[in-house]
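Shared between the two complexes below is subunit A, which has subunit B as its partner in the first and subunit C in the second.
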Partner chain A sequence: MGNLSTFGTFTMARLGIYASQYALNVTGNNISNINTDGYSRQSLDQTSMNYGAADRYQSKYDVRANGGVLATGVNQLRDQYLDIRYRNEMTKVGEMDAKLDGLNQLADIFDEVNKGEDQAGVLEARFNELIQVIETQHQDQNTNQDDIDKIVRSAAEALAIQFNDYAKQLETLTENKIAEFRDELDATNTILTKIRDLNASIRKSEVFGGSALTQRDERNLLIDELSEKIGINVLYETENLGDGVEVEKLKISTSGDPERVLVDGIYAAQLSIAKTTKGYDANGDEVPPKDATVARWETVENENFNLNISELEDAKGNLDPADPNMTKQVFSVQSLGDDASDWDKVKNVVKRLTFDNSGGTTAAQKAEAYEKALNEQYGFTTSGTGGPRFHVSDTEMTDGEKAAGMYVVHFHMGPSGTEYNFVNIDDERVTQLNDTELSGGLQAMRELLTEAGEYSTAATLSRDDLAYDADAATKRGIPYYKAALDTLARKFAEVMNEANTLPDEVVYRTNKAGKFVDETGAVLADQTDRSTYVLREEYSYYDGGALFSNSGNTDDTEGITAANLSISHSWAHGSVHVLQSTQENATSRANDNLAHIIATLTKDHDFVYGSNTTGVTSFKGTFQEMLTDTIAGTLAKDQNITDTMRDNYNTTADELYVDRDAIMGVDLNDEAMNMMQFQKAYSAACRLMTTYDGMLDKLINGTAV
Partner chain B sequence: MSSFRITTNGLYRNYRSNLYKNNAQLSDAMTTVQTSRKFNTYAEDPAAASKAWRLRRAYWRTGDQIDNTNYVISKYESAYTAMAAVVDGDSENRGLDGIISAVEGLSDAAGSARNALGKELIQTAENVVSMMNSKYGEDFIFAASDGANIPFTWSDSGKLLYRGIDVTTPKTAYTSEELGVTKTMLAMEKPLSQTEYDEAHTAGTVTEASYDDYKAAYMTRNKDYESFDAATADYAKVVKYNDAKTSYESEHPGWKFENAVKLNDMAEEITYLDIGLGMQEDDDGKIISGSAFNSAISGLKFLGYGEDANLVMVMKELGEIFSRADPETGAYESTDDRTRASELLDRLHDGIRYSQGQHVQLSADAKYLKTNLSQLETNKAELNTQITETEDLEMADAITEMTWAQYCYNAALRIGTQILSQSLLDYMS
Partner chain C sequence: MLDAFREYFDFMEQLGRLLEQLTELEKEKTAAVRRDDLLGVDNCMKQEQALSLTLRAMDRKRETLLAGMGLRDVALSGLVQNSPEELRPEARAAAEKLRSRYVLYRSAADVARTTLECNLHQIERLLADEAYAPANRGSIADIRA
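Moving on, here comes the complex of A and B:
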């Protein structure tokens, strides 16, 4: 039998009392924090106290009781797998929420269901009214030309104003969405900063043996919030501080491919809208940035709203020495000379690289191989020193940096040997996120601002999306609807103008060679001056021309959009009229052209993606079908699908929240049970003390001497 | 919910989420009842909304077509009434039917009524012209596509003119479209080849000393042409035109070929109106004839034109011959008159029958238009029904749905007040 101290049991009872009281404290804390956002249920870690010492001569029949209970710590109950699932789902919810919000706002503009007088729509009704007034004028009893113009013009003007209004609303929506995007970006950056600071605080606490549970809860809450804005991967690593001290290091990366690190322990990055450099000549006109005439550069936000990730920095601005993003850094070039033969080819290059001596090759050999590969990639010569080429060198590095295998990429301009460092525009090293590296609310907002769907041009797709996102050509944001509306307005104006215009060579006097001539048959000196053209006798009535233009002050039909569609100056001021007929020597009630206009307004047209007539046909139908089917209909289907998807994600997220809460959440029944349990344990420990006290009393005071 | 441990907050969240859903459903159901529509946004039912727009568009167009049909019916009825006065006559005039009977009555040997009938024929001819110049609204009904201008006038010499052209101008087979020449082309002089020049020069009809001089002089005379060679390109059309013209004018001395062509053009004038026949253009941008209604009524076509082909001029000339007849005996003034009268009587019969036929055609057209109107009105009513079926809801269903949504919402509220407040703590002493 082992040693049995006289007062050892008192200690055991005392430890039991302590443990129960701690446990009740934890329960109390749980109950108090039941409504604290993000609070994870805590529990007391208890362990049975074991005496470490053994007797010199210990019998194999020895009996040992442990020394009571020790409260060794308080921990949180949390399932990281559920955290991951919940956050993944919240990324989708965030994405769908932002997308649906944008689509709903677009529908406020384009959805004409249940709008307008007699629920006949708005722009749709304007089309109907225009057709109706022309139908009325088409009845051959009517009327004088001025009346026809007045009536048709009034309906056409209402239509044009409606187009303008829709375009204006789209513009306002775009501005609001950009502002919202910036706000979201700021909010995301604030979260990243807070997480970084919490990481520092938790790290400090851990160094001194603390558990920093409250900060962890706060951090988890922020990570949840971050997951709605960006799809993320969360990784808990261990950081060795030396002397056997290890602390936890939280790493948060984007969930795209490749992953980009947003938070690396006490370092965090900031997101910003990528910048593009534009060049301006001495007159202030924009010229290509590599142009010799550039007088100044201006850095503006990338119209594709790509995001940059800054370098990982701690609260004091120190860079993360092991910044994992650094090897993928992208820089813009500003200080290239005029004779940079292909500015575009070299505008994105790696600036700083780190190589090491491993795998049988030295850092220098790796740098050399890299240089060769880089030159090959950009089509520069890889041998000799002549001609423009990249040069990887460590000559500018400090001894410490050289020792760390760090190199700088130079661009060798040519035989003269002038070398330029690549200097990015704001002197800030950043990593640009490609299209598929982002998901969540921010990406949904970015896509709302940038995706032109089927209206994407080869240039925009190659510049950004298609290389990374195979779906880019079918994602539709504000630019898609703007392009579709512009296409409709442009086609409408084009068709109406064409219907109201006869070719110059038909109505004006020309000679056999097609040269414009005067009344005597003499060729006009200035063939382009339309004011000198002379009408043929059979077209002496002719006063056709463009009905719609890009501004009310001109008859210019170039570049008509929904925003600028206007009644042409000449039509508004009576020098151009609606042509009732296009026949030679047209009679007073000839109405063939009015019939033609009606047929044109109601027939199918090919609507072409892009601003030219050679693109792919996006839709074949009438103007109104284009409006209600392609624009409003596509939007409605997108809304419908997005709404359904959001509901599904929300339901799953709700379920996951409850599942997660089943682990981490405080439950009053549970805590009430704990209260009773710990109270009983406390009572029992007290009872143990009383019992043992009675025993000792007997031993000390009741035993006869 | 599969979790083993349902926490207080988990329960709250679940409850809250379901309550929101119930509330949203109730709100949607109430909006549906209030608006009496099956869908209030495009996104609610894209397929139905898209269909509704198509139906509404068709409904609107049908309204326009009904309006057009009503207009053209009125015009045709006016035309029919105007013609009826001439064809059937009235208390003061016998009308064309009466004229026919009267003329047929002239077969008696004496022909004593010839003189009086002659005056009546002249009067009727003038009445027909007045009728053909009647208006509907501001426009001349029988002026085809030139409703703003009076179609028929009398020349000083007593000829009937249609837009200034004598309706008795002998006919040609050509229309402007067939000939396809422009004024510029017509102004062109035929360029001679070297051989033709040599012949002409030898004959003295061409005075220029060399072929080059001829070409230069040609270009001066034909300023519209930039080069001598190019000038020959459209000459085939001009040749065809000139051949037709020469042939016509030699056959009909004193008549202008251009006027004969113009009469053909005017008789075929068209003003298309969309009355719901699916107005459509062909690839050249011309209205396909069966897809629209030609609302032009041509007086020229009604009365006929060409030599002895115009009813008015036939009646007038016959009337004049009859008027010259002996008032007592009815004997013709001359043998020529007798021969001419015999010819004209045949023409008169043909002309009156043709005009009667046209009158009947007007009636048939008006009837067709009325049938079309009735069809359009039926279509409009049908479209309205379809729109209603697509957009408007069955109120009983909607109210039932709203009541159910209300019931679910109330139940959810009750759950909230009864269940969520309880926990073990409430039972601890």
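Moving on, here comes the complex of A and C:
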């Protein structure tokens, strides 16, 4: 006979009851969370219980059944493949959403469809009005100069104001987008922090045997949200805690090349806008940071909005000992200003320095390395005490300052100069991301703020754009439209001023050698002083000159942009008029120059885009074509393409969401079936118990003496 | 030389039209995958193969034309700067148009690929489940009453 356990079946029935109860709990949890955002359906893991090793003297006729069921845990039903694909798609959706939002706001500014109501002016209409007004004066053969000037100036002023208004709106849009970018960055950092904290919570739970399923759901929701802002790769690793205990470790890195780690288990990084150090001399003019005339430094945000990733830290600020990001060390120095005892000023001015992480491990070694790097950065010699130089001390701090990673930095101006004390309060290490390491909403916002497309200059392209992004010269953000509008305004002013001005050599008296002379024929002492020039008799009527300038207070035509395009001071005050004729001895009825101005305003011009690293490109067309083609037309095409791409990615993301939901979502039909099944199993287990109870009762009470 | 550039611009227009065809094909393929139309997908892939051969031939022609203009290995982004002054506006317009069509094609191709891969993944999961179905484990059903 085989071994029969007298009460083993009771245990079996009990285990069956427990398992059914657990299963019903899980089913109930699923049903109650059916509408919980991000909830992943759970299922009970069950395994059949085995008794273990075979008996040495077990009979070959023995029959052995297993010992019942064990509920080993609850797991989530999720498909990681679909998670990955969904998040990749959401990165693209986030990118297109951010880009389209910016383009739509640009389209609101360059609204050429609206007929000028509610401040949504039509630049092309203003051009046409100006041309129309000049044509009318030309056809009517108006001889009243003041009338002509007044009418034409009014239309010109309306056009200039429209340019100014567009430029101001672009500036406002830029400021709003920068604020939005900072908000998005803050939101991203908040998500990274939350994921880190959840990782810590899940880790703790796993150490004590829990599964932390609710926290995992919360974490998955946050990762989904993060994927819209940055392209990410998510990796689930295991961390060995010793004694055979392994816990899960989540790692999130950027999906660019190279990968930068954002979250590594219980450590997370933070993103920030990179900073640039600028130097200013005693007059407040900007000079190179290493220049000897530098009186103060100022650290400002990088104009390309490059991002830094900080060191990986846990919730208590401890660094990740295996941080893979750090390749550079940043030494942050704060100036005390003129008053060395004014510690409040410490926080205002920050100098930052990057150098290879070879500073050693001890404070003294680090201080030596910082000192060397600081002096190298600013071109100072460290030998002797003759000239200006930095000296870094690792011994002059208080215990608290030491614990905070502080060093005292002295800046010696020279033997007789003032000594300034700086205090390093932030021995911070960051890694700067290059131009295309990010993808997603953040990158789209960066490109909207910085990319000038065909208007990229050698300086902007040298900001490592082309090294990492071959398309840098073809991406168009707000700077492109600003530059295009400025080009249009500048060309318009140039053309109008040229049409209204005759060369000095033509209208003013000169001798045969080409020198300007006075009424008596004497050569003027100062050939450049235009106020001494004398008009030729044939041009005694001449009162032409610049009609547009860069400010209403001057006649300066240098650096005209859409923001500063103005009626020139002379035209506004009547010393310059619209030139009706350029003929010699022109009568008051001659208005050939009006026809010339009209022809100039309606003909093709070369609009020079500006130089990039490989040469000059241009657009050839009328002013209206420049506006409708290069500005509005290009914007419309970009909008169209971005909209189409966003729809494509959105549709795919929706489908992936549905596919994902099919696996992780709660299906009431399934749960109802499970409920019935487990309820039956529970009843059957109870029945088994009562049946066996009856059998034992018979055995014990029915057969005993 | 101007004629050579104009010929190249015409070629770019042809290439752009081919990309438009490919874009439509990718959209059709995506739609076929979404409605589980295997034959439709097969048909699209055959057409795609044919167009790919055309694309390859056009690529060889592109290299020949560029070599004839002295612009071997010059990317599309460098075409405008390397064009004669009088043809730059035309070059810019042609390059911009081609780039836009290419961007749209890549987007449609990405979507088609993602949709196809996710459907293949689902098929793989079903097949994996099927592998453990009783019918595949060699068991015998007892149909005696």
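Here is the rule we use: the second predicted complex is superposed on the first by the 579 of 705 C-alpha atoms of A that agree within 3 Å, B and C clash if a C-alpha of one lies under 4 Å from a C-alpha of the other, contacts with A are read in each partner's own complex, and residues count from 1 in each chain.
The rule is short, and it goes like this: a contact is a pair of C-beta atoms (placed from the backbone, for glycine too) under 8 Å apart; a residue touches a chain by one contact, two chains touch by 3 or more.
Computed from a predicted model, the values in this text were never measured in an experiment.
Undergrad: Just to be sure I read the superposition right, which of the two partners does A:D643 touch: subunit B = first, subunit C = second, or both, or neither?
TA: First partner only, subunit B.
Undergrad: Looking at A:D197, would you say it contacts subunit B, subunit C, both, or neither? Reply first, second, both or neither.
TA: The answer is neither, since A:D197 touches no partner chain.
Undergrad: Counting residues of subunit A in contact, which comes out ahead: subunit B or subunit C?
TA: B
Undergrad: One more residue to check, A:E303. First (subunit B), second (subunit C), both or neither?
TA: neither
Undergrad: Tell me the contact category for A:E655 with respect to subunit B and subunit C: first, second, both or neither.
TA: A:E655: touches subunit B and subunit C.
Undergrad: Give one of first, second, both or neither to describe whether A:L635 is in contact with subunit B, with subunit C, with both, or with none.
TA: A:L635: touches subunit B, not subunit C.
Undergrad: One more residue to check, A:K512. First (subunit B), second (subunit C), both or neither?
TA: Touch partner of A:K512: subunit B, not subunit C.
Undergrad: Tell me the contact category for A:D281 with respect to subunit B and subunit C: first, second, both or neither.
TA: In the superposition, A:D281 contacts neither subunit B nor subunit C.
Undergrad: What is the contact status of A:K620 with respect to subunit B (first) and subunit C (second): first, second, both, or neither?
TA: A:K620: touches subunit C, not subunit B.
Undergrad: Considering only the contact definition stated at the top, list the common interface residues of subunit A for subunit B and subunit C.
TA: On subunit A, the overlap between the subunit B and subunit C contacts is residues 637, 655, 659.
Undergrad: In the complex formed with subunit B, which residues of subunit A make contact?
TA: For this pair, the touching residues of subunit A are 34-35, 107, 111-114, 119-121, 124, 128, 131-132, 135-136, 138-141, 143, 509-513, 515, 517, 520-523, 536-538, 584, 587-592, 595-596, 598-600, 602-603, 624-625, 628-629, 632-633, 635-637, 639-640, 643, 650, 654-655, 657-659, 661-663, 665-670, 672-673, 675-676.
Undergrad: Going by the contact rule at the top, pick out the subunit B residues touching subunit A in the complex.
TA: 1-10, 13-14, 17, 35, 37, 39-44, 46, 49-50, 52-54, 56-57, 60-61, 63-65, 67-68, 71-72, 75, 136-139, 143-149, 176, 182-184, 223-227, 230-231, 233-234, 269-274, 279-281, 285, 287, 292, 295-296, 391, 423-425, 428
Undergrad: What residues of subunit C sit close enough to touch subunit A in their complex?
TA: It is residues 34, 75, 77-78, 80-82, 85, 88-89, 92, 96, 99-100, 103-104, 107-108, 110-111, 114-115, 117-118, 121-122, 125 of subunit C that touch subunit A.
Undergrad: Touching residues of subunit A toward subunit C in the complex: what are they?
TA: The touching residues are 79, 81-82, 85, 88-89, 92, 454, 470-471, 473-474, 612, 614-621, 634, 637, 641, 644-645, 648-649, 651-652, 655-656, 659.
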